[in-house]
Amino acid sequence: MGQYQSPCLVLCMNTLITVLFLIFAALILTSAIMTVTVKNIVHAALWLISSFFGVGALYLLMEAEFLGVAQVLIYVGAVSILILFAIMLTRDLEGSQNRQLTPRWWIALIVPAALFGLLIVPTVMTHAWQLPPPPPAGQPPAISGAQQIGTAFMREYFLPFQVAAILLTVAMIGAIVIAFEERERRRRVLTLVEQVRLRQRQQQRQQPAPRPEPAATAVQTSEATGGET
Amino acid sequence: MTTEIQTETTEAQTTRGKVYVIDRGRTKLRAGQGLLTGLEVVFRHFRDALTRKLEKPSQQTGVFTVQYPEERLKLPEAFRNFPILLYDDETGQELCTSCFQCQRICPPQVIHMTQARDPATGKPVPAVAEFLIEYDACMSCGLCAEVCPFDAIKMDHEFEYSTDVHGGLTLNKEALNRPISYYEKIAPTFWAEVKDSAMKKLQGNMKRRPDLIGVAPQMVEKIRAQRAAAAAQAPSPTPATPEAAPADKAARLAAARARAAEKAAEATPEPAPDSAPIDKAARLAAIRAANAAKKAEGAADEVAAPATDSAPTDKAARLAAIRAANAAKKAAAEGAPAAGSADFASTPSDAAPAADAAPPASGMPADKAARLAAIRAADAAKKAAAEGAAPASDAAPPASGMPADKAARLAAIRAANAAKKAAAQRDGSEE
Amino acid sequence: MTDILRSWIGGALPDWLIVLIAYLLVTTIVLFYAVGNFIMMVWAERRVVARMQDRLGPNRVGPAGLLQPIADAVKMFTKEDIVPRNADRWVHLLAPIVALAPVAMMLAVIPWGRGWEPVDLNVALLYMVAVSAVSGVGLMMAGWGSNNKFALLGAMRAVAQLVSYEIPAVTALLTVVILAGGMSLLELPYMQAGVPIMGATILCGDPAGCSPLLYSTITSFPGSPNEPVQALDLGLGWWVFTPVGFLGFLVFFIAALAEGERTPFDIPEADSEIVAGYMTEYSGMKFATFYIAQYILNFALSALAATAFLGGWQGPGVAALANMGGPWVHVAAALSAFYLLAKIWILFFVMIWLRGAFPRLRVDQLMDFAWKLLLPLALVNIVSASLMVGLTQWTSAQWGGLISLDGFAPWQRQLIAVLVTAIINIAAAYWILAINQRPKQVEWDEEELIAAS
Amino acid sequence: MPSMTEAVPLPWVLTLAGALFCVGLFGALSRRNTVGILLGIELMLNAVNINLIAFWRYLEPNVVAGQTFALFVITVAAAEAAVGLAMIIAIYRARQTVNADEVDSLRG
């Protein structure tokens, strides 16, 4: 933008930012409400994605660029896709059109409403926030960006960073173990070549009819029974 | 990362030449090498397709696309799509004689034709009046072209007939007609095979077509102009007018045929012991003589003699006999305008002398047959000459000692003479 | 752009309006540029792949068939827009938009030429990756909203492929982040000045005797983060010429093929198996929107690959022209834009080439390829990239006294780093390929199988 | 350059985050579908993140703690989503339902 500054620019930009904030807030809240109320679970997931987008935009508005992009990458690109996949894989065909809310949903409504109206709003509004003084005009404020985050992860937050990495690995392995447990039970589908070879071996076994030594048989059977039990 | 290919070549001699079988064995490719090879092949195709066309089958790369409306593949001669009719470039005469063979054989029954008739007499002539082919139902089997004895219907190479008017695909004779030169261009070797016989047959047919019948519609104007010009240049000969059909012409014709018969007889390797061809030739001569006589006598309408000269003798003989019989029958049916033919017109047994002549002669020795034929011819001539002309007597000399061929010739000559005389008499009487 | 506008119409309009107009203008130009390229790409793909198959391709509409895409667009416009009766109407409607919008957003951060950067985002690389992942949601919406089994299958395949190939792609891009020391795309072409392999490490000995046509001032390159130096600059110090960059480029480009659903990895829309994948139930302009999204995604990924590994707009002559100053800077900008475009098109040609050459992978081969080949290679490459940075930039203090390269000249350090990383990468690639090529043992439990049959 | 700190007061952002949290809580409490519950939890985590970023931006923009914590939250959320969805799939395979009310074999 250069160094060209005018009073109108600052004022107009402030108005613009306010308007943008209100738009994003409306987007976030509308999408969130639709997420929790809409009947179709796929629609709910899509509304959730819209809400994620609003949050990402809000991060960008708050000049947390890395967080905003990470929000889009992780939530929109990964988590929501994961959720959509889970929905597709667990489609409850008979129940999808049923009531989505629990019978006593009004109790579930009262608690958050009370929390919001009685606790959050009064606290937030009345608390005296100690905001730092605004930076002098013409000098950009010192905002920590991606490089500072990276440095922090390698220095003071090194341990949490590693723990998070382990957590992710564990979660990934755990998810695989939980979700794909069943695959081991599935019988392997043989290829044609394997089928042919198997048949050949069966014939070979049947043809050399002479019985093996009794000792060997005994060992084999014992092994087999041992394996079965 | 080299490709190790164990190449083993075996050679085999087959009926189609040497065949090389290359056993490449198992190629040992490292990871990704096959992919690179594939890329290289594709790039070679890409590069060559930018610069050259695929012309020879041995070529592996190059553009093979034929940009159809602008470029066309050369069609093989045997390519067939829809049938067309041929006509002679110079005379404009169509080759078709409306023999109905094609109409009969056509599997989807899309060929229709009507035979041309002489407008003066109403008699059919060997030409086609109208010819229709429904191209929209034609299955391009080519059977019509196979079966056509006159090589008049051939399969065309043209295939762009797409239209939204269905009825427009029923083509009439004018649309079907193509000059012979066109067919010669699209199928030179095929035409060269049949050219001579087809043209000869056409020559024969042309003689039996009066006026402009049998001339391709698109050539009519031109031919008429040509004829008018020819008439203006040389008025004296005045050929081919049916009224004139004078006796001397008929006589010349008969003589020519007799010569031909003689030639045929001579052509047989052993004339004396093998009598069959000879007596046939004799019979033929007799029949022709009868025909000539009949014509001269005054049927007076057409030059009916078929162009059977080139046919094998025995066939020709049979054909001649049949035609003679037909001619006689027709003459009888028409009520015989010539005065003197009343008696053989009234009694069927007498009405077909030539027809009678042929069958009994088969078993006879050659000379006898010849004589008999001569006699019968003479009789016919005599009868025809109703005025009771004397010269008929010299038409039947015994001629017993002569060789068969001579007898035949003699018979022919005599018959011709008789005919001539009869004609002269008739002309005289009419005048 | 803002400055140019300001100089033209500075007094007439308020400042915020000029800024707005400038942004709108840049957006419009970039989008038109992308769509124009899309049109040319469609044409080029059909023509080139036709030549590869010994055909001619479309050549009827306009000279050499150049107007064929226009004709196709007109056809698309006039087609009926069909929505299946049982489809989820809104999802079905929104899916193409959700698929196209993020792809168009990717174009915002690419430096199209020297000084021609729409947006300078300091997390641009991550932004590209993140935004390209969003189009997966659009594909999922298309698949689910169509209420068609082929569409759903195609969408599941597409998204699974997108997600799994994002990992090697991001890992490959990480090498660039390590080399550049940041995620800004803007800086990348400047860092890839110099000569092949050596980069901008051949310094000028005598500042007075160095021609500005051959030497230019390098402010930010890995060898000298602090003070600007004069270095030999042919505009060819692309990272693809170094072992790290080469391996990273290969991995990223292959992953980009998969993300763009180009042919060796086109199972999401395998028309011989599942009609057209998630696009099955789309017609007319909605279908065209998917089509555009796909090509622009390829275009943007090619641009990203070119910028990250092939020097972006960097090329011979750009720096020299820029050093001449005055109006030549604009010529340099135009030349650099041409270089980037040429690189994008060469990459696109390679995509077409691969399409002409290779058959489609199976799903398991696809996953094997991503997880067993590309990802290990990318991970090894990260180690190499770190070594490269350490060997070329770190002081002995940073090494903790382990290695001391302080006495070497930059080009010597570069050479050492190239050799070391080359050895590591080649050995790793050989080893990983060998592991993957080891013939599989056919394993089964014979007793159980015999019992079963 | 004007920034959000001047244009929008902090309590607005915190109120937004609180509202989002409460909506998420309502979703998590009221949904019968297990996936729906997960969606609610994701919303709540996002609200927390908004809070963290807002505090960072408004109070201590030059310290990375806020962003770092937000990133950890995102990490945990991703892990939670992965494991949670895997569990849902496993439950679905075992019981052919994703309804939280019907998964009650541990009820006394």
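Labels for the chains are A, B, C and D, by order of writing; each one numbers its residues from 1.
Heads up, the rule we're going with is that a residue touches a chain if its C-beta (ideal position, glycine included) is under 8 Å from a C-beta of that chain, and two chains touch if they have at least 3 such contacts.
Quick caveat: nothing in here was measured; it's all calculated off a predicted structure.
*Asks:* Counting C-beta pairs in contact, which chain pair has more, A-D or A-C?
*Replies:* Ranking A-D and A-C by C-beta contacts puts A-D first.
*Asks:* Could you tell me the distance, in whole angstrom, between the mean C-alpha positions of subunit A and subunit D?
*Replies:* Centre separation, subunit A to subunit D: 10 Å.
*Asks:* For subunit A and subunit B, let me know how many angstrom lie between their CA-based centres, rounded off.
*Replies:* Comparing mean C-alpha positions, subunit B is 91 Å from subunit A.
*Asks:* Please compute the C-alpha centroid of subunit B, do the same for subunit D, then give the distance between them in whole Å.
*Replies:* Distance between chain centres: 99 Å.
*Asks:* Between subunit A and subunit C, tell me the centre distance in angstrom, where each centre is the average of that chain's C-alpha atoms.
*Replies:* About 26 Å separates the centre of subunit A from that of subunit C.
*Asks:* Mark out which residues of subunit B touch at least two other chains, giving numbers and ranges.
*Replies:* none
*Asks:* Do you know which subunit A residues sit against two or more other chains?
*Replies:* 1, 9, 13, 66, 70, 78, 85, in rising order.
*Asks:* Using the touch definition from the top, which residues of subunit D touch two or more other chains?
*Replies:* Counting only residues that touch two or more other chains, subunit D contributes none.
*Asks:* Examine which chains touch each other and state the graph shape they make (line, ring, star, complete, other).
*Replies:* Line.
*Asks:* So which chains actually touch one another? I want all the pairs, not just one.
*Replies:* The set of touching chain pairs is A-C, A-D, B-C.
*Asks:* Which residues of subunit C touch subunit A once you look at their complex with the stated criterion?
*Replies:* Per the touch definition, subunit C meets subunit A at residues 2-3, 6, 14-16, 19, 88, 91, 121-123, 126-127, 129-131, 133-134, 136-137, 140-141, 144, 152, 156, 159-160, 163, 166, 182-183, 442, 444, 446-447, 449-450, 452-453.
*Asks:* Would you pull the subunit B residues touching subunit C in the complex into a rising list?
*Replies:* 30-32, 35, 38-39, 41-43, 45-46, 49-50, 54, 61-65, 67
*Asks:* Would you mind writing out the residues of subunit D in touch with subunit A in their complex?
*Replies:* Residue list for subunit D touching subunit A: 1-8, 10-16, 18-27, 29-33, 35-36, 38-40, 42-43, 46, 49-50, 53-54, 56-64, 67-68, 70-72, 74-83, 85-90, 92-93, 97-99, 101.
*Asks:* So in the complex, the part of subunit C that touches subunit B is made up of which residues?
*Replies:* 48, 50-56, 59, 353-354, 356-358, 433-434, 436-437
*Asks:* Spell out the part of subunit A that touches subunit D in their complex, as residue ranges.
*Replies:* My answer: residues 1, 9-10, 13-15, 17-18, 21, 25, 28-29, 32-33, 35-36, 41, 44-45, 48, 51-52, 55, 58-59, 61-64, 66-67, 70-71, 74-75, 78-79, 82-83, 85-87, 89-90, 92, 95, 99-102, 105, 107-109, 111-113, 115-116, 120-121, 124-125, 129-132, 134, 140-144, 148-149, 152-153, 157, 160, 164, 167-168, 170-172, 174-176, 178-179, 181-182.
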